[in-house]
């Protein structure tokens, strides 16, 4: 048996290749939309991918299952649990098989067993993995059911898509799924769909996997005997999910376009063409690092640097319904396009070399970075206004006295609420998110902007006053 | 807590980065000699590496522990168990700490516990991993003690270095270590030092990790109640370990040179310089793929293509005590050098672009590939002789009637035993190892060579006769 | 003034960027279809390309003039000389200007003068270049009129496209153009449209440029006082022009598609899809080096290695009217696609990684390379037949006794003439062209093939008999 | 015959490969220190380099002639003209040949003729090029004697090395060399050692070559009948030559180290090691673009971005006698090292990834960019002082009222003259040179710095006052 983990840093998403070397067969659990890496790995191990299994209808990225079915002729294995709202559509033309609790999928001599574990969503499945020649499973692919130290949220659809009351019901199902699941042997490995937290650092994605026995001891979700208390703790204080989640859910239910049938964006060399597009309302995204963008960029463009947070902020800030142009460094072009497509942004129609655009265009502008120290006096005496773009939760914990608050993700929709009477100092935790915010503001015509380098973190060190808790 | 797996395909060797994000500290378990990847990963997660832990004195690759101590000022944590033959030497000038059973190493809020688990070697340690805020370990780094489906060999030094009687004694210690180890909780993750087997495919490296509970059920090593029976099964039928293992053990005990203090090989552009070196007995290794090498290569050079088996065959075939020149494609240069250094081959003094060498040199030769079908008549009527270069075990299972046998790894030492009265057809399982053998033979002056494409595998399909079992 | 030479090794084609730094304007003379390199160079020098000049309707590559007009808004400057058969079509929607003898084009302070120099084609122009602040030209862009050591052929269309009688008429015009041209100052630099020959090596492309005074002394075309003698020498013994020239001429007259509007080929991962395409008559081109192709390739594919001769042989061997799939190494993909498009092969609909294809497909085959020495006995005793694929001229000078002859370029059309009763040894001058021929033969079902390594050159050294002059 | 131009953008230096395909021989005229590109080109054309010709002892880059002699066994052809001060030293152990006026060097069938053309330096040679089978030369390699539109300076050594009176004498020799040279045929191509000017743009390097006839008409150097007038015009108003020229001259006379015998710089991963080095007086050069450097850099480092001006500023600002550490992006590492070595900076002992250094070090600082508009009031009211780092000539033509002036190249030596009582706004023509200056100032402890973005050029547009002529 072969088991290989894949992890997409941009999406914090895990997927798994399972193969049987004796027969040359392989399947992928929860494939991402770019399927080349799985194919490459399979090839290198003498395997052919003939199946794609989905734990549930994903809300946070475009699944690659249909891509595998279309291009490789792989069988698409999807859930037949949950009610009618939670059925996959438009799969009749593809090789596929619907899965119910208790079913089995054979991958050569390897056996994958199906468990119905609703809670995160009603149709959610987990998959046990059993090598040939034994009756004992080695582990379980839990999708967004059980994570290391946590479980999946039952309320995403409530918040992102306005489907009301699903959170409470999902919470109850989650409790029952956990009870049932806890009866499995403790030595089972747990292979989750996302990275998860840690008692030490609280940062996500830090430990790739766990075991059921360890989770039963350490994961808070197994500490409640009472269902209602569990549901309360589960649904309290969850931050706003990205708006694009609702879009993703629809896309994954009914099927995104096959990537290789998408048109590649056309190259632009003439800055006039770019400027015209901006005048006509096209969104233009510059993916250079923020230092270079700050120093010089084409008026009307906004900036999300290509790094681990790129897909997240693109999901928040890009309008899925309008054409998108991208300005990139050549070396990043493929990664940017792949990251956008991984969350279903398929409307990238043109691109231009970012340096060329900035050098040749006559319409450029810039913004300055200031340290907390440099900005404190103009903030104190009211010359400038602070705009805090961190999350609601961060802002409430503590913020600079007098700072206005709009969450970065919601900035495009709340442009009208931005204080416009004075120069703005945009601020987040470290200066990274506020650099994005500064670019969004400028692209929306609010030009007298400074970005606070170091953000609230450095403010506390350098200034240590003017803070409201 | 952060836990990150590293896997070197060339060495089938696993290492692990463990860090605490709250304090920014990190350590590496069993680092390979090229330490840049660990540093990069640590940097990207805001961590600084301040420790390197070794489970035991490795025999199959050069450890990067001393490299970390020298370059990063990291503390080198090594075993203080085992008798005097198994102590690390020349570490006094480095920051270091000796470890005994029951000791603990703190990595920020994370705790690493020390278990003495002799068997593979007398000083072997395992390390438990415990996150901050809990008394329960999450898993164990087992080094070459417990693998997925197997344990480490106790007999390497017997065979590779001629130290007699260690196998039996190591086997007994292994049995005891397993007994003790089996009392730990079954949910513990097992993070081994090497990839390991599978009930399905028997291929190595197929499942990255396991749990103690699963191993107790499925691993043969837990199935014996009697120590002697266990030792017998453990030591029977083990293949010959690579000769370079003995060298590695010495190097790791007393310390290899720091990589960044090695001189980089000098570039050669003049083929005359290459030819002179060959005349003076320098070994010259061409790392192109075998198809290109077969078609044209410089006389006196031998060929190991740069792929997953490169380090293994280089360890067998390169003489550690003589200067080595390498002929590479530019794109492979760094990988070749790194792979050689990973097993302590530090005497690469010159290199030349392989295509340039072949194009400009007047002294070139080639060999032909033939299919089993094409070669069967000349073999049957005695015009040509078959040389089988597979392992002793493979040869004994079945081979072509009348084939001579010399194991590829031992070919340089047994050149005098090569049948020299007739043209040779060199053969292995698939044609890959025999291509290397063909090059070694030619470099040693045996020029009338054909390589059997497809090897014994294809022979069975195409010819299906003349086989002795 | 800025003058920058560009040279496309694949097409042996020269183009030139001319700019005025004082005003930031630039034009390109005879741009190739891939215009990014010109844009990049212009950008780096602070210039904007606002014009593209064509010396004539090219027959050997797709011009990038229209691409520049469409994408950059550059003015397309083309000849208005010659009769109605030689006018550019479909340019009304583009910014353009028709040029006649004596016209001038201003590039900032730089002046480009227009000379009508028919002969190669009736509408051919040459362009003088004059810096600001002087009345003296610095040199002349001569297109395919005057080369270093030669002139352009007046007979291409006769041979390639069946337009009869144009050669003689073109020769006469050429003579007159030369007379007129020879009156210009001898110090003028000559910047030709193609590389040209040399008294030393006769190889093409060896000296990038010349001067009029030097050419008048050394170029044979200035040595004839009599027009008819000149025309006779000019038109005698010219080799067959590639068949694709006729196609190119049409394309350049009426306009190729804009590259950025072409669909990129779709990636294939499933070898079944490839095999089906082959069964359905799609042409599949493998661009790996011939050593690797010989050793293993998918049945039904043919091989042109990606190197300096690639575009030439692709022009001869690819059918412009059928879909083309390509099998490439990833690193070569862009270069292969660009080279195919540079000669108007736009029907590349799919691609697959070559190694993946060969590894995964069940339908593979190979051919062997043999040295002249190894093949001489089977040729002499009639066991095998030699097929010489060199040019008519090379074959007639001397060839292996009894060898059949079909020119490589014409092989697809003359498959029926290939001797089919015996194994074939395919041979050219060095083994390079015959490797391509071997692949074409196998793709057409003639499978018992050997390629003569070293070709006729090595045959003469090793065997030195059986040669007919 | 093959003739191939090489042009090093960093040094604005031209070199030439000349070969004879019939015999496979080749030589290089004025090779740069990195000789791999010549070898590669020769290989691709089936040529072997067996000679290196030098027109004179270069002062602006390290010659690759000795490198070719040592590594390729090529014959080093150098001038035997000029007096004893101008003889090459330490060449007895190399294959070499001394050249005098009238000598010939054979490259297969190609003939290179030697002309003594003193003026730039006393031993300067020019080389005529004659193809096989003709008595007429095709052109002349003129080194630093005749450029397109100019001649070489006779005063470099006066100014750079303090050798007095050489300028006047060199000017007289130059006049005589020109007189003699002007008698050669006008159609000869002129292949100079450096790029040269243009009536249009005045920018250097704009037209790669010329002809003697054209130069006689257009180049000012042929317009003087009177020697003294010529010398006066030639030596008047020449800017200061870089200080490193004197060093280069010595190096080229006595021989630089062979590049492949240099130690490669050692990698640093620990920021402490970097900080210690800075404390111990090591110079540390950061080669990132200035926007990123400005935003964040390690205290004590200075910044020269890797682009076309890199070698020039490194020559001015790096101290040849102290160890140098470099901080680079990985992708630029080789280019940086090669550029430094091209001008003889061989003391690069360590390097570190620039991003890693900035991220991990605790000692970082930054500086701000300000537009002229933003800085005008603080300049006007005396809050800040302007430091103009342009050349003496630029400053004298016009500058901001009240600005102090120190030429960037001389800044390290004149740190004590920098006005220290107020914040500084550093300014050049466009903001590029002043960014380097800002970094040098900070590295020398002057920290209250702003860089004027857009420099004097933008100042004139935005502010248009406070200018002194």
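Observations, loosely collected:
First chain written, first letter: the chains are A, B, C and D, and each begins at residue 1.
Heads up, the rule we're going with is that a residue touches a chain if its C-beta (ideal position, glycine included) is under 8 Å from a C-beta of that chain, and two chains touch if they have at least 3 such contacts.
Predicted model, so just to flag it, every value in this text is computed and none were measured.
Note on A-D: across the candidates B-C, A-B or B-D, the interface recurring with over half of the contact pairs conserved by residue number is B-C.
When the C-beta contacts at C-D and at A-C are tallied, the pair with the greater total is C-D.
The mean-CA centres of chain A and chain C are about 49 angstrom from one another, to the nearest whole unit. Chain centres here are Cα averages; for chain C and chain D they lie 39 Å apart.
Contact of a single residue of chain A with at least two other chains is seen at no position.
Across the complex, chain C meets chain A through its residues 35-36, 39, 43, 48, 71-73, 260-261, 263-264, 266-270, 272, 356, 359-360.
Only residues 289, 291-292, 294-296, 366, 368-369, 453 of chain A touch chain D when the two sit together in their complex.
Against chain B, the residues of chain A that register as touching in their complex are 1-5, 20-22, 108-110, 131-134, 136, 138-139, 185-189, 198-203, 206-214, 216-218.
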